[in-house]
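Note that subunit A is present in both complexes that follow, paired respectively with subunit B and with subunit C.
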Partner chain A sequence: MIVFDNISKFYGEVLGVNRITLSIGPGITSLVGPNGSGKTTLMNLVTGLLLPTRGRLSVLGIAPDRPELLMKKVGYCTQYDSFPPGLTGYEFVQATLALHGLTAADARTKAGQAIAKVGLQEAAGRRVAGYSKGMRQRIRLAQAIAHDPEVVVLDEPLNGLDPMARAETIALFQALAKEGRYVLLSSHILHEVDLLSDRVVLVHHGYVVAEGDIPGVRDEIHERPAQVLLRCDRPSLVASRIFELDSAVEIKIHEDGKGLLVHTRDAEKFYLLVNRLVLEHGLDLEAVSPADEDVQAVYRYLIEGEGPSS
Partner chain B sequence: MNAENVRQVLAVQRLEFRKRFLGKRAIPVYLLTLIPLALFGGRAVAVLLFKIHDFSLAQDRVIYAAIYRTLILRFVLYFGCVAIFVPLFRGDILDRSLHYYFLAPVKRSTLTLAKYFSGLAASLILFNAVTLATWMFLYLAGGANVLFDQLGSFHGLSELAGYLLVTSLACVGYGAVFLAAGVLLKNPIVPALAILGWEAINALLPPVLKKVSVIHYLESLLPVSIPPSSGIQILADPASPWVAIPGILALAAVLVTIAVKRVRRLEVLYGVE
Partner chain C sequence: MAVYDRRYRAYEGPLTPVSTRWRVLPRHAWTGVFKSRLFVGFFTLCFAWPIAAAVWIYLHYNLAALANVGLDNVQLAAVEAPFFAAFMGVQCFALGGVMTLLVGPGLVSPDLANGGLPLYLSRPLTRTGYTLGKLFTLAALISLITWIPGLILFLLQAWLAGWEWFVSHLWLGVAIVGGAIIWIVTISLLALATSALAKRKVIGQTFLLGVIIFGTVAGQAVNEMFGTRLGFLFNLPALMQSVWAALYRIDMPTMMSAPVALATLLAICGLSIGVLSRKLRAFEVVK
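Entry: the complex of A and B
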């Protein structure tokens, strides 16, 4: 586990993160939050690039101030878009593997494998200085995974990637997670976080405001009524019966008369009502789905402070 | 230290050697080394081809000693070590590439030592080459036979060894000073100039303060003494080699230890550097 125990980090008098207590298990965990919220600080703390001002942190039982142990198990793809000068992509990955103490032959093999995983074989022999932003991102990713780390930390790893590379990279993260590795990433692209993540950690102004799987986090936001989208043949019948429930807040029937959006404080009761309507009135149901059980809605509610969307 | 650690140290040194010899920060060092090479090389050519100066073994030896002391030791070697050792960490911070070292499973102490020794190797190669070449140019001005006589005599070889020893110890001492300055200070240029000033007025300082400098011990080891009539500040109270050599090595050890302790707590904060 990656364990943050009451971790605080201050840059002089400026707050980085404050009193973070968090446990992260295997699978894909996404750190979500606006710029300056503390995501990169958390990642730099995990990898020992920063030292906590207070609290204790351990990664698979190793303290981050022991790089000789920690970095054998951790790979980090940072946002820093810089490289040791004069190296080709291949030499860069090989050099970082050599820093891990691999023999020249092993470093060559593993560098080739990692570059193949990120689909950069053709450009590997060219100088990194001549790479596009997306290629630089991918070679950093190759450097992060080349030594087969158990924990992969990725700061905005999809930045600068074209759609094809994005899809391949997401598939790579999912494959890493399937192998039981810890994938900790940050992203601004919320629909991709939704697609990717087993769980999310929402960070705002240096504090963790919510964590867990997305439906679980959504359920915890009691002050925001759940939104449920329902497509059926008789939305007006559903609407008339909904107000029998004291938990209903708002109903909007779609303009095409084939569905409605319900805001309710108790989604479970609403689902039971729909079941009853199907059985008793033969309601022809096309689709029932939560409309705000995604990371975008959770982000909106918890971080942007917006009300229910209309 | 196991085989894996050795490979890690060698990997650090390969990366650092590339930077020290091939990177853009190597240019000022090469320019510095060109100054004495051009001076003594040009002089050898002028004397041999155009006979603009009569070669005098005794006199030219003293002239070399004076120029070695003022130009090579106090200027070329000093600023050369600034240019090689300060960027070992500070350069990586400015280039935003230090994190690649910190993300490797290498102890920070091992990393610091590997970087210091890579800087040391680079400076030893460059500045000993300069010392050797300028010394050979000095005697070449008298003709190839004069040079070969010096290379074949105990006196000549011990003189050359003396200069190479001073050059090497200067790299060790100044290297440690500027390694520490590079990790302790965000802008080491001002301290570098301050230390240069301190070293420059060393001969004017009281005996106790004289000993708190690198130049005092280095000049104590110079193989050729300069007569007082030369107008150059003369070392009045030289340290014996038994004090000077361990003194520089001890100073270097203390400064490298301080650098190691600082690097252990060093954080990657490029935004505020």
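Entry: the complex of A and C
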């Protein structure tokens, strides 16, 4: 596990993160938050680039002030665009492996394998300076995974990728997670975070405001009524019965008369009611889906302080 | 929550010693440096003077060779400390200085400007290892054109002059190597520090040139205004001249004693290390 135990990091008088207590397990964990919220600070702490001002951090049982042990287990893909001049993609990955201490022969093999994983074989012999933004992003990914780390830390890894490369990269993250690795990433693209994450950590002003799987986090936001979208043949019947429940807050019937959006303080009661209506009145139900059980809604509720647009 | 099997296997092959990892940095930096035709041309030119000096030493002991080309009564200057001091002066201060300007300011600045340091430092490589790697990149290149040819010339002279000369002039060998190393370490650290401050190669080059020229001019101004010699403490060439005069045991005008000059050079190195320590970080705080 990656364990943050009451971690604080201050840059002089500037707050990086404060009193973070968090345990991250295998799978894909996304750090979500606005610019300057502390995501990169958390990543730099995990990779040992920063040491905490207070608290204790352990990455798979290793303290981050022991780079020789830590870096065997951790691979970091930064968001910055800097490469040693004159190197080809293949030489670049090989050089980073040499910094990890791999022998020349092993570095050659591993570099080839990593480049194949990110689908950059054809461009591997070309200079990185001539790469497109997406190719640079992929070669950075290759260097992060080339030494087979158990923890892969990726800062904005989907930036600059075209839709095809994006899909391939997400599939790569999922494959890494399926192997039991820890994939810790940050992203601003919330619908993609939704698609690929096992859990999210919402960070704001240096504090963790929520963490867990999205439905779990949403359930914990009691002050915001849950929104459920329902498509059926008799929405007015459903609406009239919902008002009998004391938990209903607002109901909007769609203009086409085939659906309604329900705001309720108790989603469980609402789902039971719908079941009853189907059994007792033969309600023809087309779809029932939560309208705000995604990262975007949770982000708005907790960070931006507004409700999602219906 | 998804449940994952742990199926991957971490790398378990042999590893190179941690103490040697920093060598990866100069290896790749040299590849980049030698891709420049301008640099290759300059680097080749740097060996013209050592070859000429070697020919001079050879002819000094083979005057018959000169007679063969019709130069019967030529008197060649003795190959002693002033000869080596003059040779090393050209190699270190002129050629070494130009090489520092060409290579030094571009070593650290691109990594800082593009946020490249996390890329290096998220490996088993410390900031000290990174600095050492970059320092070695420049120091090794300057060494190739300064004390290494100087030492070869010294050994050539010793071979031709005989064992007795070699034993009685061992101090000169130490002066050649030691004097060059003091210069190389000082100028390399200064170049890295200016590179770290400037964040752009061209600005770094201007800055480095400015530090040397401005230091000399400002030092002279301080001397003139306050009627003191303290201004020479800002004058890098004057500092080196004082140290070299003592090392080469030659009589040349010096502005201060060798220990004071050496202590000032050490202070410049310390200041440069301080700048590097402050600037070479894997993160930047935007206040």
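The rule we apply is simple: the second predicted complex is superposed on the first by the 308 of 310 C-alpha atoms of A that agree within 3 Å, B and C clash if a C-alpha of one lies under 4 Å from a C-alpha of the other, contacts with A are read in each partner's own complex, and residues count from 1 in each chain.
Everything below uses one rule, namely that a contact is a pair of C-beta atoms (placed from the backbone, for glycine too) under 8 Å apart; a residue touches a chain by one contact, two chains touch by 3 or more.
Here the structure is a predicted model, which means the values were calculated and not measured.
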item: Clash or fit, subunit B versus subunit C on superposed subunit A; value: clash
item: Partner chain in contact with A:S186 - subunit B first, subunit C second, else both or neither; value: neither
item: Touched partner set for A:L51, first subunit B, second subunit C, both or neither; value: first
item: First (subunit B), second (subunit C), both or neither touched by A:K178; value: second
item: First (subunit B), second (subunit C), both or neither touched by A:S37; value: neither
item: Partner touching more residues of subunit A, whether subunit B or subunit C; value: C
item: Partner chain(s) touched by A:L99 [first = subunit B, second = subunit C, both, neither]; value: both
item: Which superposed partner A:M71 touches (first subunit B, second subunit C, both, neither); value: both
item: Touching partner for A:F83 - first (subunit B), second (subunit C), both, neither; value: both
item: Clash with subunit B (superposed arrangement) - responsible stretch of subunit C out of 2-10, 218-226 or 272-280; value: 272-280
item: Shared subunit A surface residues [contacts with subunit B and with subunit C]; value: 11, 44, 47-50, 67-68, 71-72, 74, 76, 78, 80-86, 95-96, 98-103, 143
item: Parts of subunit A lying in touch with subunit C, wherever the complex brings them together; value: 11-12, 14, 26-27, 36, 40-41, 44, 47-50, 67-68, 71-74, 76, 78-87, 91, 95-96, 98-103, 106, 110, 140, 143, 147-150, 176-181, 198-199, 213
item: Contacting residues of subunit A [partner subunit B, same complex]; value: 11, 44, 47-51, 65, 67-72, 74-76, 78, 80-86, 95-96, 98-103, 143
item: Residues on subunit B engaged by subunit A in the complex (per definition of touch); value: 4-5, 7-8, 10-12, 14-15, 18-19, 22-24, 95-97, 99-108, 110, 264-265, 267-270, 272
item: Sites on subunit C touched by subunit A in the complex; value: 1-2, 4-11, 13-18, 21, 24, 27-29, 31-32, 35, 110-111, 113-116, 118-126, 282-283, 285-287
